[in-house]
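Common to both upcoming complexes is subunit A, partnered first by subunit B, then by subunit C.
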Partner chain A sequence: MGKKVLVVDDDPDARLFNITVVEECNYTPLEAADGEEGLKLVKQEKPDLVILDVFMPRQTGIRLYRELKTDKRFKNIHIIMLSGIPKKTFLRSQKALTEFGEQEVPEPEAYLEKPVEPGELMQTLKQILE
Partner chain B sequence: MKKHKLLLIDDEKVNVRVLALSLKSDGYDVITAYNGKQGLESFIKNSPAIIITDIKMPGMDGIELLKNIKEHNAGAEVIIITGHGDIDLAIKALKYGASDFINKPIRDEVLAVALKRAEDKLDIREKLKEYTNNLENMVKIATEDVRRKSNFQAKLIKSSSEGIVATDDKWKVVIFNPGAEKIFGYSKSKIVGKTNLKDLLPANIRHFFELEKKVIRQQSFIINNNGEQVPVRFSGTILQEADKMMGCVAFFQDLREIKQLEKDLVHSERLAAVGQTMAGMAHCIKNILHGFKGGSYLVNIGLDKNNPDKLKNGWQMVQRNIGRISDLVLDLLSYSKDRTPEPQICFPNKIAADACELLQNSAEEQEITIFQDYDSLIGEGLIDSRMLQRILLNLISNAIDACIFDETIGKSWQVSVKTTLIDQQMIILEVQDNGCGMSDEVKAKLFSSFFSTKGSRGTGLGLLVTRKLIKENKGSIEVSSVVGKGTVFKVKLPFKAGNQL
Partner chain C sequence: MAVITISRQYGAGGKTLGKMLAKELGYTFVDSNIIKMIAKEANVSPEWVRTVEKDAGTRFSKIITSMIAKHLVDQVLKGEKGYIDDKIYLDYLVLIISKIADENNAVILGRGSQYILDDHPDAFHIFLIRELENRVKFIKENYNLTDQQTRQVVNNEDKRRLNYFSRLGKKDFDNPSLYHMVLNMNYIDINKAFQLICTLLKD
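Take a look at the complex of A and B:
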């Protein structure tokens, strides 16, 4: 078991699903139920990749994504966005924050919309990490 | 003043000539005649206002002439000239309407006095006539005015879209306008003079009206001729004169159209809410589908690798998501459809306790204590128990969530559920938490569809359905909340206690 993958999602079912996919790929799964806990684990565990949901209580995926992308310490961490929110809504929100004077952030390497096929998630994970 | 025309009659021509001369010099327009017959002809022809005639004349004498003149014109002033000792004749002449008599030989001053009197009388009569004419005119104008005003009022009453009913002092209907015909479904001829207004009023308004003598914009229902319930806004006044009822007037505003519009508006708002938030619903469904996919993925792995744990977890995931989608569909259905309340005999406190028990486990898991405080005066009674159960589950689980979402460290979280009986006919339900509270922004969106602060935990329909159920049961819901301090939902619901059934 090599690389560490952090799953951040408030929906326990989605977490279990994503973790199972991570395990099937022979990566080490970590899990967090909201953005705040996610950030804490990122700092503690330095995962190689984060699978991130958008719509969560406390810290949303939009915020966490921004923090990971703007902090030099985390610049090597890959991110897969996995959400029920369409990609363009996510990008629009990021753009709005940028327009309000925050730092510009790049588009995510991968954006998957729920519901996702396990094969697709698996493929995306492997593409990025290998 | 212009002097009147004057006719002078005497068979003694000299007398006539002398007198005529003197009268002409006084300014009179004098006509002369020398006998009764000639005098009468001249009178008819010239219509003089004053006639001076000798009493004793051959042929038609003065009395005869007087009678004839008076027949033609009762207003003519006739002065009789009498000889000495003709007093009986003079009296007779006065009886026939002569205005005065003067004795021969005619003395100027006596004649002047008689003429003056005649003139005055004519004047007065003239003025009286004028005055009477004026008066008649004024009465005519006033009558016309009154007629116009009453016409105006009649038209006003007739064309008013409000139903107007007026009665006499015995409550018998005297006015029943087309607006009233439309509301009550009776024609005017069936009601006016026959019906007692009290029979047309709804019972609750009737008593109030009799007692208070005045009702302002009271909403109620009347049952019309077709047995329909017509929603109306009623205003009425008992008219009084010196403490005695002289009649009453009642106004009925037909609310059918307004009620229909209100209903249409609510309905279209609801449709718009559903449409606008298709995106919100899509998000919710995507999450559930994701759960299904995950579940079936785990089941497949479990089967392939003969791993009962994965199989079990996967199957549970599928089942959970079946639950989630049924909840969503049920919420959607109950939100988009009108539901008729189904009151039944039950124990509201028991329903509240059951709801708490159902949520007890998930509260304990999060170290939240549920306090219950039920009013023991609420016994068995009539209330829509399904509605009560659903709103309680919704509000209590919301309260638990509010505690879960609270980021304060070391707080002992509490949810309290309280019931209170008011006036034997109203239950107040309070669900309070000391969780995260709500910002004004969240409060403003509280009852909008698919708005949720709970991420995948919420469908954004719970409170919406709760409010709808409460409204359908003619109750109300209020919320007060402070960020970081907590939230209280206060629900008022009508309740019929068992002892009143």
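Take a look at the complex of A and C:
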């Protein structure tokens, strides 16, 4: 087991699917059920990559994404957004938050829309981490 | 295929017009039902979302948010499985409005939708204005309130909106350049406004 990949998704089935793919790639999986728990794990475990859902209770994927992209401590952590929300909708919401006074953040390195094929997720993980 | 945002001074007839347009065009009307959508996603009660929305950005809510740790909030609100504050409310709001717009065929009333969708290719942004006295008259007639009650409601709502937009860092919501069409409801009635917007959509 090599690099650490944190899976943040409120859907247990989605977490299981993502973790299985992460293990298939020989990375070490970590899991969190919401953004708040995800941020705690990021601080504790310093993962190499986060696979992040958008709609989650307690703290949204949007909030965690913005935390990771605006905090220098986390600048080396890669992010794959994996959501049922289309990419253009996600990007519009980011732009709106910036317009409402929040710090501008870059687009995610990878944005995959659910349902994703295991091969596509595997390929994206490897492209970013290797 | 379009999404219409309606911004308005309280009592200018935005809700009535929005409902008329949605019915005529077969669009979804998005008003306070967005509260339920946010509550569902955040896994909290609609009442909690309503409170956050009402108090968003006020000094009181900022103090409370900064003072109370989430686990203490959890203990107080044992029935709630999720959590929501100003920031999380805004996250859901921009996401849900963006999602509704991308799915198209909706009339969205207020909540900063003219800013969230400012460059949406299918969006038409409408702003309704009306003199205070006429707004009081409209509310009085439509909501069966006394003159004093109506004035209080209109004043409170005007203040709340200013505060809401101030929270979003926006004080120019009455700037005509934000909108495709600004309708002065002192001079035209709801039916004429409805016709003008339908013409705009057809063109």
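Convention: the second predicted complex is superposed on the first by the 130 of 130 C-alpha atoms of A that agree within 3 Å, B and C clash if a C-alpha of one lies under 4 Å from a C-alpha of the other, contacts with A are read in each partner's own complex, and residues count from 1 in each chain.
Quick note on the criterion: contacts are C-beta pairs under 8 Å (C-beta built on N, C-alpha and C of every residue); 3 or more make two chains touch, one makes a residue touch a chain.
All values reported here derive from a predicted model rather than from experimental measurement.
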{"item": "Clash or fit (per the criteria above) of subunit B with subunit C on subunit A", "value": "clash"}
{"item": "Contacts of A:F55 with subunit B and subunit C, given as first, second, both or neither", "value": "both"}
{"item": "Subunit B versus subunit C as contact partner of A:E130, first or second or both or neither", "value": "neither"}
{"item": "First (subunit B), second (subunit C), both or neither touched by A:I85", "value": "both"}
{"item": "Which superposed partner A:E117 touches (first subunit B, second subunit C, both, neither)", "value": "first"}
{"item": "Partner chain in contact with A:T20 - subunit B first, subunit C second, else both or neither", "value": "first"}
{"item": "Listed stretches 221-229, 365-373 or 437-445 of subunit B, narrowed to the one that overlaps subunit C", "value": "437-445"}
{"item": "Residues of subunit A that lie at the interface with subunit B and also at the interface with subunit C", "value": "55, 57-58, 85"}
{"item": "Residues on subunit C engaged by subunit A in the complex (per definition of touch)", "value": "41-44, 70, 81-83, 87-88, 90-92, 94-95, 97-99, 101-102, 112, 115-118, 120, 168-170"}
{"item": "Interface residues, subunit A side, partner subunit B - complex", "value": "9-11, 13-14, 16-18, 20-21, 24, 53, 55-58, 84-85, 113-118"}
{"item": "Interfacial residue positions of subunit A with respect to subunit C in the complex", "value": "36, 54-55, 57-60, 62-63, 85-86, 88-90, 92-93, 96-97, 99-101"}
{"item": "Touch list for subunit B against partner subunit A, complex", "value": "282-284, 286-287, 289-295, 297-298, 301, 310, 313, 317, 320-321, 405, 407, 453-457"}
